[in-house]
Each structure stands twice: as C-alpha cells, then as structure tokens.
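A quick write-up on the structure given underneath.
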Amino acid sequence: MKKSRPRKSKKQLSKKIGMAPGSLVYVGSMDANAAQLAKPIVSVMIYDAAELTEQILSAEALANFKLTDYSKAGKKVWLNVHGVHDAALIKQIGDLFHLHPLVQEDILNTEQRPKVDEFDDYVFLETRCFRYDQAAMTMDSEQVSFVLGRDYLLTFQERATGNFEPVRTRMRVSRAHIRELGVDYLAYALLDSVVDKYFSVLEAVGDASEALEEVLLHKPTNTELHAIHQLKHVSIELRRAVWPLREVINTLSRNENDFFKPTTMPYLRDVYDHTVSFIESLESIRDALSGMMDIYMASVSQRVNLEVRALTVVAMLFMPATLIAGIFGMNFHEMPWLADKDGFWWAMGLMLSIALVMLTIFWRRQWLTSQS
Amino acid sequence: MKKSRPRKSKKQLSKKIGMAPGSLVYVGSMDANAAQLAKPIVSVMIYDAAELTEQILSAEALANFKLTDYSKAGKKVWLNVHGVHDAALIKQIGDLFHLHPLVQEDILNTEQRPKVDEFDDYVFLETRCFRYDQAAMTMDSEQVSFVLGRDYLLTFQERATGNFEPVRTRMRVSRAHIRELGVDYLAYALLDSVVDKYFSVLEAVGDASEALEEVLLHKPTNTELHAIHQLKHVSIELRRAVWPLREVINTLSRNENDFFKPTTMPYLRDVYDHTVSFIESLESIRDALSGMMDIYMASVSQRVNLEVRALTVVAMLFMPATLIAGIFGMNFHEMPWLADKDGFWWAMGLMLSIALVMLTIFWRRQWLTSQS
Amino acid sequence: MKKSRPRKSKKQLSKKIGMAPGSLVYVGSMDANAAQLAKPIVSVMIYDAAELTEQILSAEALANFKLTDYSKAGKKVWLNVHGVHDAALIKQIGDLFHLHPLVQEDILNTEQRPKVDEFDDYVFLETRCFRYDQAAMTMDSEQVSFVLGRDYLLTFQERATGNFEPVRTRMRVSRAHIRELGVDYLAYALLDSVVDKYFSVLEAVGDASEALEEVLLHKPTNTELHAIHQLKHVSIELRRAVWPLREVINTLSRNENDFFKPTTMPYLRDVYDHTVSFIESLESIRDALSGMMDIYMASVSQRVNLEVRALTVVAMLFMPATLIAGIFGMNFHEMPWLADKDGFWWAMGLMLSIALVMLTIFWRRQWLTSQS
Amino acid sequence: MKKSRPRKSKKQLSKKIGMAPGSLVYVGSMDANAAQLAKPIVSVMIYDAAELTEQILSAEALANFKLTDYSKAGKKVWLNVHGVHDAALIKQIGDLFHLHPLVQEDILNTEQRPKVDEFDDYVFLETRCFRYDQAAMTMDSEQVSFVLGRDYLLTFQERATGNFEPVRTRMRVSRAHIRELGVDYLAYALLDSVVDKYFSVLEAVGDASEALEEVLLHKPTNTELHAIHQLKHVSIELRRAVWPLREVINTLSRNENDFFKPTTMPYLRDVYDHTVSFIESLESIRDALSGMMDIYMASVSQRVNLEVRALTVVAMLFMPATLIAGIFGMNFHEMPWLADKDGFWWAMGLMLSIALVMLTIFWRRQWLTSQS
Amino acid sequence: MKKSRPRKSKKQLSKKIGMAPGSLVYVGSMDANAAQLAKPIVSVMIYDAAELTEQILSAEALANFKLTDYSKAGKKVWLNVHGVHDAALIKQIGDLFHLHPLVQEDILNTEQRPKVDEFDDYVFLETRCFRYDQAAMTMDSEQVSFVLGRDYLLTFQERATGNFEPVRTRMRVSRAHIRELGVDYLAYALLDSVVDKYFSVLEAVGDASEALEEVLLHKPTNTELHAIHQLKHVSIELRRAVWPLREVINTLSRNENDFFKPTTMPYLRDVYDHTVSFIESLESIRDALSGMMDIYMASVSQRVNLEVRALTVVAMLFMPATLIAGIFGMNFHEMPWLADKDGFWWAMGLMLSIALVMLTIFWRRQWLTSQS
C-alpha cells in the first residue's frame, strides 16, 4: 500500500539491496489498517456457463488444489488473493501455477509500476488501484496483479477493498453472459472496474480543484496554497500510475497474443480509450492547478499593492495636517494667525482643505475602491 | 452536454462504475435547456440524385423502418437523432442497424473523446461541437456521433442546435451535387460544418484575448485576471476536443477504408488541414494567454513600485519639515530665531527650501512621472 | 493579407461557414492599401533559353490563352497574378489550367497554412510572405500560392510587393542560366526569394530584441514591456508560417515526384537548410525574449527593493530626531536641559549624532549606493 | 570520481585536447579520499559450479595471467579492478584481453556517460555509481566499467566502495545458483546491485524533499532555498546518469547479442523496469522540487503582504492620534477645550475612539490575524 | 566570424537577397581582428606513411596544382585555407576540386548551421568552432568547412586560430600512425580537435555558472543578473552549434558511405559520444542557469521582505513614543503629570517601556535577525 503523502515507511525498496533476484520479500507497509488482513484470504470461483462454485481456500485446500481437475472438465478458475504480505503463500501459489520467480517477486514488491510481461503459459499484468481521502486531499494506492492463463485467472490485491464485488455480483447471476465467455473477458471486466475507479478519484480531484479556483480568485490564503500543493501531489501520483497502464493496455489490445481472444479485443480497446480520456482530463486538471498557482501569486501581489496604497493614502492624508499642527506649535514670538480669534479654525480649515484635495485626487485615480 | 465551466452535474461517469460493458445508460446532464428536447426527434432523409424524401419518424414508423427497402432501390439514407438521453430509443436504432453494444454505449455516454472505430459494416465517429458564450467566456460542448455505413449515415446530436441546417438546405436543392455523391460525401460535409463551427469559437476567443491585451498593458484589474483564467479554461477544452479529432480525420484520410471513396479523400484531407490550422491558431492564443499572465504580474509589480515611490516621495517631503516644526516647538529657554521678528518666516523658508531641493532631486530621477 | 497585430477584419473564415466545399469566396481583407490592386494584374512570361516574351494579359487575352500553343513549341510559361480578391478571375484561370476546386478555394482563402498537395498534373504549394514594420513592431503577411505543372508555373500573390522582381530581372538577361532550366528551377528560385525575405525580417526582429536587452538591463519601463510583447507576437506569427513551410520543402526535396527534376533537388535541399536555420535562429530569439521578460520582472522587483530601502533610510534618519524634538516640546514643569544655555544645541547635537550613527550603519551595509 | 557540487578539479577533460585518440591518460581527480586507493587492487574470481578460487593479483601474477588456461578448463573468470588512475595498469589489462584502444581510453576517462559498445569478442558497458551525503545534500559519483566476454567479465571501479560485496558473498556460497550460470548472469547481478544502489539515493533525496516541504509551507528561510537548490543539482546529476543507462539496458535486453543468453534476458528486462521506475520517481521528485520553489516564492510574497499590513495598521492607529496631539499642541491664543477641566481627557478619549474604530475595521477585514 | 553578443555587422545574410543561388559572395564580417588575415593563406600537406611535404601555395602554385599528380603516386593531400573572405580564391579552389556551386557558396557563407552533404566524389561538412572570452562572458564563433574526397581533404577556416596545430604536430612525426591511415582518419582527427575545443568552452561556462551560484545565494546584485543573461546567451549559441553537429556525426557514423572506412567508424562513434555528452552537460548548465534566475528572484523578494520588516520595526518603536511626546506637548490647562516633579521621567519611562515591550515581541518573532 502506498500513500501519496505523507508516507511513513519509506525504506521499502532498500530492503532488497544486494539480494538475489527473485528473493521473495514483501515490499510494502504492514500498517494496522483495518482493510489490510493479518492473514491473506484466498478465494476461488470455479465456473462455466451452467455452474458456479465459490469457496475460501484454507491452507490445506490450497495445498491440494489441482488446476487440471477443473480445466479438463472445461471449467474456468478465478483465484483471488487479498493481502500479499505473506511471502510463503505467494510462493506456494506461484509454484502451483508455475509462475517465474521474477513474477512472484513483482507480486510481493508492491511498489511496481504498471507493466505487462508475456510468458509462454500466461500473461502477467501489474496495475495500481487508488483510494482518495477527500478531506485530507491525500491518496492511498494499492497494487493489483493479474496472471491470466488459458483457463485460469489469478488476481492479487493488497487489501480487501471490495473493488471486485460488482463483477462478482454479475457472475453470481444464473447463466450470466460473463460466465459464458472466457477468463480473458473476466480479466477485462476486472481491469475495467479498476479503471472506472480512477474516474471517481478524478472527479473528486476535479471538484476540489474547481472549488479552490472559486476561493482563489477572491480571497486566497495559505490554506489554498497548501491545497493546491496537495492536489498536485495527487495528480503526479495518478499520472505515474496511468501513463504506464495506458501502454500496457495498448500493448494488449494491438498485438496478437494467445490469452485475449479476438472477440475481447474491442473491449480492451474500450478500456484503452478510457485510459487515454483519463490522461487528458488529468492533464487539464494539472494545467488548471498550474494556472491556480499563478493566480495565487497574482492575488498576493495585488493585495500587497492594495495595502501599500492604503498606507500611502493614510500617510498623504495625515502628514500635511501633522506638519501644519507642528508649525502652529512652534514657539516663535511672532507668528501669523496665532492671535487671531479664528486662527485655530483657519488652521483646522487648512488641514481639512488639504485632506479634501487629497481625497479628490485619490478618488479620481480610483485609489479608494478596493478593486485594483 | 458539457460546460467548460462551471459544471453542475459532475458525477456522470461514476454512475457507470461496476456496470457490465455495453450497459446502456445516458451519461450527460438533463437540464431544462430549451435546446434539449424532452423527447428525442428522429428525422430521416431518403435521397438519390433525382429525389429527396424527408420525414420525422414516429415511434411506430421507426419500428417498421427497413433499410433494405431503400438500399435495394439505390436510395441513400441519412437518419438524424436530436437528443440522446433516451437509452431505449438508442438501443432500438442501434439494433436496427446492427451496431455493436459498445458503440451504442458510446453514443449514450456523451463525455467521450473524439475517436474513430472501424467495424465490418460501418465506421463509427465521435466528435464534439461547441457553443461559446461571449459574455460569460464559458463554452458548452455537445457530442455528435456519426455511423457511416455503405448506403446510410446515422448522426446523433445531444441538442437541436441547427448546426446541420446549412447542409440540409444544400440537399433540398433539386439535383444538388451533394445528392449525386455517396453518403461518405454527406458525412464529410457534416464533419466539415462541425469543424467550421470551431473557427467561429476560435475567432471569438481570439477577439476576447486581444481585447484583454489592450486593457492589460494599461490598467489591469482582478477582472482581467479572471478573464484570462476563463479563456485558458476554454482553450484547454477546445484543445482536448480538437487534438484527437485531428488524429481521427488523419486516420480516415490516410488509410484505405471501405466507407470513404477515393474521390472523397481530397475533401477529408481538406478538413484535416483545417484541424491542423485550428490547432496552430489555438496554440498561438494559448501562448498569448500565457504572455498576458506574465504581463499582468509585471504590471502589478510595476504599480507596487510606483506606489512605494509615491509613499517615499511624500515621506521625504514632509518628514524634514515636520522635524523642523518640532525643533522650533521645543521648550528650551534659549533657542535661536525664536525671538527674531522674521524667525517664523525663516523657518518656513527652510522647510520650503528643503522640500524644493527634494523635489528637484525627484524630478531629476524622474520619480514624479507615473511612467516607471 | 494578414496583420500579426492589430488585426481589423477578423470575421474572415466565418464567412464560409455552411458553404459547400470549393465555394469560391475571397477570404482576406480588401483594405485601401496602396499595394493591393483594385483590379488584379495577370502577367505572363513565355520563355525558353533563346527567347523571352513578357506581357500583361487583358481579360480578353486571358480568355483566349491556350497553354498547348506554347508547350508544343517547347516554350515554358510563367503566369503570375497580383491580387486574388477577384473570385471570378481565379475561377477562370483555375479552369483554364484544370485546377481542382479545392485548390482554387485555397488560393482565394488567404489564411491558409503553408502546405503542399500533389495532383496528377501539377503540384500545389501554399506559402506566406512577410513585411515587417520596424517602428510599430508589427508584421503584415500575404499568401503566395504556386501551381507547378510540367511546363508551366502559376503564382498568385495577394499584393504587388515586388518580391519576385529580382528573379524577373535575372530572367530578362539574354540566354540566362535560369531560362535554360525547367519551370521547376524557376519555382525553386521564387521559393528561395520568399525564404530569403524571411531572413531580413528575422534580422530586424533580432536587432530590435538586442536593442531592448540593452535598455532592460538598465532602465526598464512599460514601453519595453509592450515591445517585448509585440516581438513575441511577431515571433509566434513567423513560427506558424515557417514550421509548416519546412515540412513542405522537406517533402518536396526528399520524395521522388514528377515535377521537380533530380538536378533541382540539391537546390531544394539548400532552401530546406535555410528554413531549418531560420527556425533555429527564431527559437533563439524566442528564448531571448522569454529571458527578457524574466529580467524585466527582476529589475522591477529590484527597484521596489531599492525604494523600500530609501523609505526605510529616510524614516530611520528622521523618526528619532522628530521624537527628540517632541520630547523637548513636552510641557512638563521640570525637564532637564531646558533651562541650560546650550540645551538647544545639546538636543540638536543628539539628533545629529543619532543620524550620523544611522548613516554609518547604512553605509556599512551599502544601503546608500543605488547598486542593490 | 565526480562530485555533483562543489567540484574542485574541473580541468579534467581539457587535459586531453589535441591528444591522439586512444591516448591513455587518467581523467578524474586523485584526491586524498580514503576510499581511493593509492595503488589499484586487481582481484580475480575463477569459478564454476563446483569450485571458486579467489585471489589478489600482484603485478607479477597479472603479467603471467592467461585467460585460456581457465577457459579451456570450462572455468569462468571475473577480474575486478579497484582504482583506475594507473594508466599503465589499465593498458596492461586492456592488452591482455585485447580491448580496443578507445575502450581502454573510456575506462580511464571517468567522466563518460553510460553507454554500450559491442565488439566482436566482448561487449563494453559504462555505468555510474553514486554515494549521497545526506548532511551536505551533495553526491559523489564514480564510474563503473564492465567488459563482458564469452567466458570472462572485467569490472573497473574508481574506488573501493564495497558495492559488489553482496554479490561476492552470494558467490562464495557452495554450489550457489549464480555460479552455475554464465558470466552474463554475473554481469546482470552486478548491474542490478548498481541500480539497486540508485534507489537508496532516491529514497534519501525523496525524504529530504518531503522534509523540506513541511518546513516550506510554514516558515521558509534562505536555508530552504539553498536546500532546494542542492536537491535540484543532485536530481539533475542522477538524471544524467540514469537516462542513458536506461537506453543501454534497453539495447541489451531487446537486441539479440552473443554475450547475454536468452535465459538472462528476463533478468535484464527486470533491471530495465527498475530504471524506468527510477526515472519516473525522479521526475516526480523534480516536479515536487519545482513546486517547492513556487511555494517558497508564494510564502515570501505572502509575508511581505503581512508585514506591509502590520505597518499599515500601526500607521493608521498612531497617525490620527499624533495629529490630534499636534493640534492641541498648537499655540493659538484661542482654542476650544484647552481651558476645560476635562479637555485633556476629551482629547485622549477622541484619540482612543478613533483607534477603536480603526481596530474594529481591521478586525472585520481580518487584518489582525496572521493568516493572510 | 560570429559573436554571440554583441554583434556589430548584422546585415550579412540580407546581402544575398535576390541573388542567383551559387552566387559567390563572402557573408561574414571583415573586422580588423588580428587573427583574420587580410590575404587568405593556402597551405598544403602531401603525405604518405613514409614522407611528408608541407608548403604554402602562392597564387601561381595554386593555379598549377594538380591533384592527380599526387593521387597517382598514392600520396594523400590535405589542403587548408585560412580566411575565406576572398570569393575568387574559393572559386578557384572549388573549381580545381570540382565542388558544386552550392558547396562553394556554403563555404563563403559563414553563418551556416552544421550539416553534411554527400556528393558523388566528396562529402561536405560544415562545423563551427568557438572562442570564449572569460572576462566579458561572450563568445566568438567561426565556420570550419571540410571537403573529404577519396584521397584528399580540404579544410576552410575563417581565421588562423591554431586549432589544427596539434594534429599537424602529430603528422610531422616520422612514420606517424596518422600518416599510415587515410584522409578519412585525418578528417576525424581534425573533427575531434574541434569537438575537444567545445569542452574547454563548456568548462569555462560551467565554472562561471558555479561561481555565480555562490554569490547569488548570498548577495545578488544587478551584476549577477547581467552575468546570468550573458551565460544564457552563450549556452543558446553553443546549443545551436552542437545539436546539428551531433546529427551530422551520427549520420556519418551510422550510414555506409564511400568516404569513411569501416576502421574509422569506431572513432567517429567516439566523437559522436562526445557530442552527446557535451549536449547533456550543456543542458545541465542551462537548467542550473534557469534555477539561478529563480534564486535571484527569490533573494530579491526575500530582501524586500527584510527591509519592509526593518521599516515596520522602526515605525513601531518610534510612533508610540512620538505620540506620547505629542500628548505631553498639548497645551491643556489641566493635564496629569505635568506638574509632578518626576513627570518627565515617568513619561520617558512610559516611552521606554512600550519600546521594550515591542522589542520583546519582535525578538520572539525573530524579526530582529536578518535571517528571514
């Protein structure tokens, strides 16, 4: 699990320096998050168009699991693992399905960038899934790995997020379309639900960004500066996950391969279109965030301007009057007006006249409105 | 329908999370806009060089509509739908013309980016059309979908904008050139009218941008800051629509395909040239908007400078005089000038001299002109 | 004719919205510019190595003009049109040489970006030519179209600018090298003169830019801000014309085509080198203009700094003295120094001492020099 | 050895101007660093799956070393050199293994960018290795060269950094997997340890960058400005090393070559994935550093704003009171309030009232909180 | 010869507007630079492994020069020209070696960008050579042209810079390796010396840049602003020369051609590596210069901040005291403290107390240290 900010447990990849490649060590954080399971859960769906069996595999059941039992019977198998911090379990499943040591390592190393690797018997996909915290403007990410064989699909999730529930629900429907099709279509459906999830994050970020804009144009404070910065972090994180994912899906949907059937191709291209569309929206939000930083700067400068002006106005109104008061406070033996009965009032009138002249000048120059 | 800013109904795409692909749900906003029809209107033009039949299809007529009736007779069919929020209707038409479920979904999902998808029996195009509000500097966009078969053309517009009227008018002319040519030429003509519409938006944005520049160089206020920001939003929106459209038209005009005849190719290349030209003009406007932000910042800084200077000038003129007045207001028993008959005037003269010396210095340094 | 800034007649392209493609309407501005002719002038040069005939074609002569009369005799034909606002004339010439309606439209639409279109019987080139106004830092552009057939060359200029005169002069020389070669070499020679013209604009812009830099580093005002902005506009305009022109010439000089002979290819590559070189110089000027904007901002900030400092210095010099004067102006019955004979001078000495201490501090901090 | 900043010995490459290519001169700095050896150490590991011999070669042993002695026996040879400033030694080893003069030159010239060069009998790799100084935020880099033959591997390190120790440890294990495989796998393992090292630097830089962000949003000083600058330098340096390295590994892992066996290819692709991932994380840090610079600027402007406001508040509170005091200090013979018993208190009340009105206005405008 | 800044003689390319291509006119500046020769010097080296003849060709000798005399004897010829402003001479040599008119023109036009043109009998290279003036931070550039035939090499330099001397020295050695190899290797050696020269400029620019950084972080003035600007100009100039040179050398080292032998290819690739490395170092310096501009701005803003704060501190210390003095200077008949014996000292104490309270506040807020 990876948090866009703040991150606590950073020394993750450095754990592995100097180890042999394929050394199986969980690289991720084992926090006390309720969503992360102390013990990984291995669930399996065995299905064809007619029938669906669903079960949680105990350690024992997993040890006795044989893929060929089902594939010979024309059944398709979807095995899902919640929680990948148990290296021994991953190795057990990996060996069961003959996964390359580097693949097993990638599943455990949850800081992978999205990628696709084709092997003779399966194709391996890495993706990231996000959870956005609207209040803190931070984002969690977890790694979701897919191994697609000819008659089975393995999925590995860091946490029990319920992201795949809607697909499960669709599968449970009697004689569902999704059960008639192969595991490649199931893989597509899950991938699609991952990408759909991105859009909900994007919408939240876009809403936050637009709300910020409103405030920024009128009364920007440090809070907004902080928020822009947070959103930038989130958008950088999203970007890092989706650009390579786009490449991955593009690779799958363009090239011939043994694992995705031609009829599934249009669906993959549809997910591809979604990722491209996502990227373009994200870039627009990034452009908007850049523009907001500029507006923040402009607003602050503008306000310095208004306050220097306020200071100048005050100084110009009071300094002449203060000087006049000072002059009539001098102790010369002979000074005009002092002995006059209305001298004081003339002096006051003089002060006031100068202040009024000043105000007129300011008013003409529109220095008295707070509009720049 | 999508507004560049402000947008009200944002949770549109998230409606679809977890649904099966091809689930037909209208993704767009059903506002009370007069231009959007409560009930979609399906109109059809059946034509060849000699004859043109035009009619509004009722639900019943649509149910009985058979394409082969016309194609066998060598007639060409253009079926246009105004309003795409009725998922059942889109499904009915989609099934009538054997459109792929994903195509039907794209027609309903009005947040699509422009794209082209080729199928065996038709080619599917997504485009966006804009309506710019000059006063508010905001922009509406609607999705316009094209399905081009071998002897029919389907078009789907979100609203009744009248964008296609000029083409209809040209078709109604007896033995019009456009009726002699195939539906591919008709598709081109409609696409061309969509792109032509972009240029009118571009001209409005360009004019607004130039008007802003004039003001910015002389007297920038928060209003201009806000306007630059609006125009940037509009230009980002335009950009997102036209870049992929360029790719779409490029694909169509370069590759061999079954739906556009070789004689139509030069026309497609002409539209392609328009999109490239549009993009280049848009980039120039974007560059200009960036430059305007810089000028805004420079102008504000410049004004802070002028006002700090004004403050300094005032302080330098009054502070010495105030000090002199203060000095002659001290209560020492023995002070020079106090008893002199002209002492007061000497003091006043001293104040004035210092002020004049200061003014001379300021004048020499050109601090008294408002030109920086 | 297009002005980089300010432009008057902007609604040019929108004239054509909804018209059929190939509708012949002049898109450009018909201003009272002396250089633009009320009536277009059609001039023709018929030549081979031995002979050169030059004439202005009247409407009648043009109606009777037959290309085959000359091509059969091995003569080459260069027909030039000054002024393209007469749609009927362009149509007449276009039909005479069997030009595609879209080509005729492009010739009339003077807002085209540079491009090349190859047809069976001719190749069509669009280019732009510039005229820079050094005082106003603005730039006019006009469209120059070339139609190169196997034994003829058509050129269309918006105005009578005299750009082609040097080439005409070279042709008039008896048995000139240029007359021995084909019309493709003539087309090259004219294209070369167009590109050469760009460099004179570039030099003017570069000179203006360097002159600005000198001023900016010393005494920047709003005038310089305005000038930088103008030059940026001009450079954007140049850029938009030359990037596609580079592509055009690259296309012609790399690909085999029927219209340019292999011996002319090195010459085309030479023009290509010029456009690349032009673009690189232009990018350098653009970089310099960006840097100048930064320097402008830095200079203004620097000056705010100096003036705040001036204000601080003045305040620090006068405030203590004013306080001392105020203190000795208090009306306490018993105060030190007041009754002393030299009390006044002691007070004055105190004021002066404080001022001198302040000045020493400022001098040490180098606050008294105007160098930051 | 190269320090990102500050570098002392800069005239390194200019040592070689005018020399014949292949002239063997050490280009690097011979500082008194304890890690750099006065005398290079040549160590050799001769191994197969069954056996491993390890020794330090003396000058004499090296002179008598014959590769064929071992290769005929099916043994693999890894020869490592610590310290490359002894040109004669490099020439001796280079000649022993028939290395091209340019390769020998590259090994000595420690300012090389990462690259790969394939020769008939070996492939030559240049890489850089880093050591980050967390306190000073500076980074050392050293050059690590690989020469991979069919049955031998040469590695050249500038310093004895211990980077390769973990691999040595793995080799010393009896019948280790790594000893069963070829020298290509060994080369991969060392390359992998170099790239793993990069991640530890990246984590340190990322941590420093995040720590800076915290401070910047609250109380930025010159120290942070300096730190941002340092980190930018480090990230530029990292970037220069890793971009070409990515290309190098890509080249090796895509193309067929004689030196890396097909079974090693997935491992090379894994390192390639690491470099791509590294680059993306680095770019994110660079983006963050750019954003931090903006935040620094915004914070400073914000603070100028707050302090101008403080000044304005003070001036507005004291100037009116000072004027009133001045007025009642005037020496007019007839003035209101002066003779009143409570005149003084009325004046004081007037001063206070005005100050309170001012404070109310400021409080309403939220000028009294230090939040902008 | 071209100066990066300031340039005096700018109207160089415009000299040629309207001329026929291949018109031989010297485009460059004929300044009184001691390094530029009034009369070009033509020197020739005729050599094979055994023998080397070196001579300065007089006009007469040149007229009688016959290449075949030497090539038949298996001799190789290197002809070098210092000074290219004599168009007649260039034409004479050009005709002697059958150079294309456009090549002759390029040699004379010293504002060419680096390029390569292959002809049947020779390959033509343009490069630029630099001379950096460390004090003024400006840079001269001169054009160096190469014509490489099968058994001869022509080189044309604008000035007698001595750049080629080290290669000459190597050739004069009896039975030098360089004399055993072909003229292609000689061309490589000269090209290598040109590129080596770039690095010395780069080191000077890098040193200047680092020296600036030191100053900038502590005490930036206008002088540094000016220096950053100069270095940016120099780096733009370098960039313009080296990017196309990289392409040139890449072209030569990848493609098969008749003029460079396979054994010379690794050497060309080595120069190519140098240019790539040069470009990357240059980009780093450019990044650093950009960062320095940001730091300059930040430092200036920071200083404005400090000085506004100083002003605020002074105002806050003196304004309350001045008000108190003003209050006790009022002329009310009845006022507290005035008649008290210690009234004056109480007033003074009040002033001092307020000042001390203020100072305590400032000290707590760390406003009294000059660190931000």
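The letters A, B, C, D and E name the chains in turn, as written, and every chain counts its residues from 1.
In the analysis below, a contact is a pair of C-beta atoms (placed from the backbone, for glycine too) under 8 Å apart; a residue touches a chain by one contact, two chains touch by 3 or more.
Chain by chain, the UniProt names read as follows: A, B, C, D, E = Magnesium transport protein CorA.
Since the model is a prediction, treat every value here as computed from it, not as a measurement.
For the remaining chains after leaving out subunit A, touch-based grouping gives one piece.
Looking at the partners of subunit C and subunit E together, they share no chain. One finds 27 Å separating the Cα centroids of subunit D and subunit E. One finds 43 Å separating the Cα centroids of subunit C and subunit D. Subunit E has residues 297, 301, 304, 308, 311, 315, 319, 322, 326, 329-331, 335 in contact with two or more other chains. Taken chain by chain, the contacts form a single closed ring in which each chain touches exactly two others.
Circular chain order, beginning with subunit B and continuing to subunit C, reads B, C, E, D, A (contacts as defined at the top).
Of all the residues in subunit D, the ones that touch subunit E in their complex are 5-7, 10-11, 13-14, 16-21, 100, 102, 111-113, 115, 117, 220-223, 225-226, 229, 232-233, 236-237, 240, 244, 293, 296-297, 300-301, 303-304, 307-308, 310-311, 314-315, 318-319, 321-322, 325-326, 328-331, 335, 337-341, 343-344, 347-348, 351. Note for the complex: subunit C touches subunit E at residues 165-167, 169-170, 177-178, 188-189, 192-193, 196-197, 199-200, 203, 206-207, 210, 213, 217, 266-267, 269-270, 273, 276-277, 280-281, 284, 287-288, 291, 294-295, 297-299, 301-302, 304-305, 308-309, 311-312, 315-316, 319-320, 322-323, 326-327, 329-336, 371-372.
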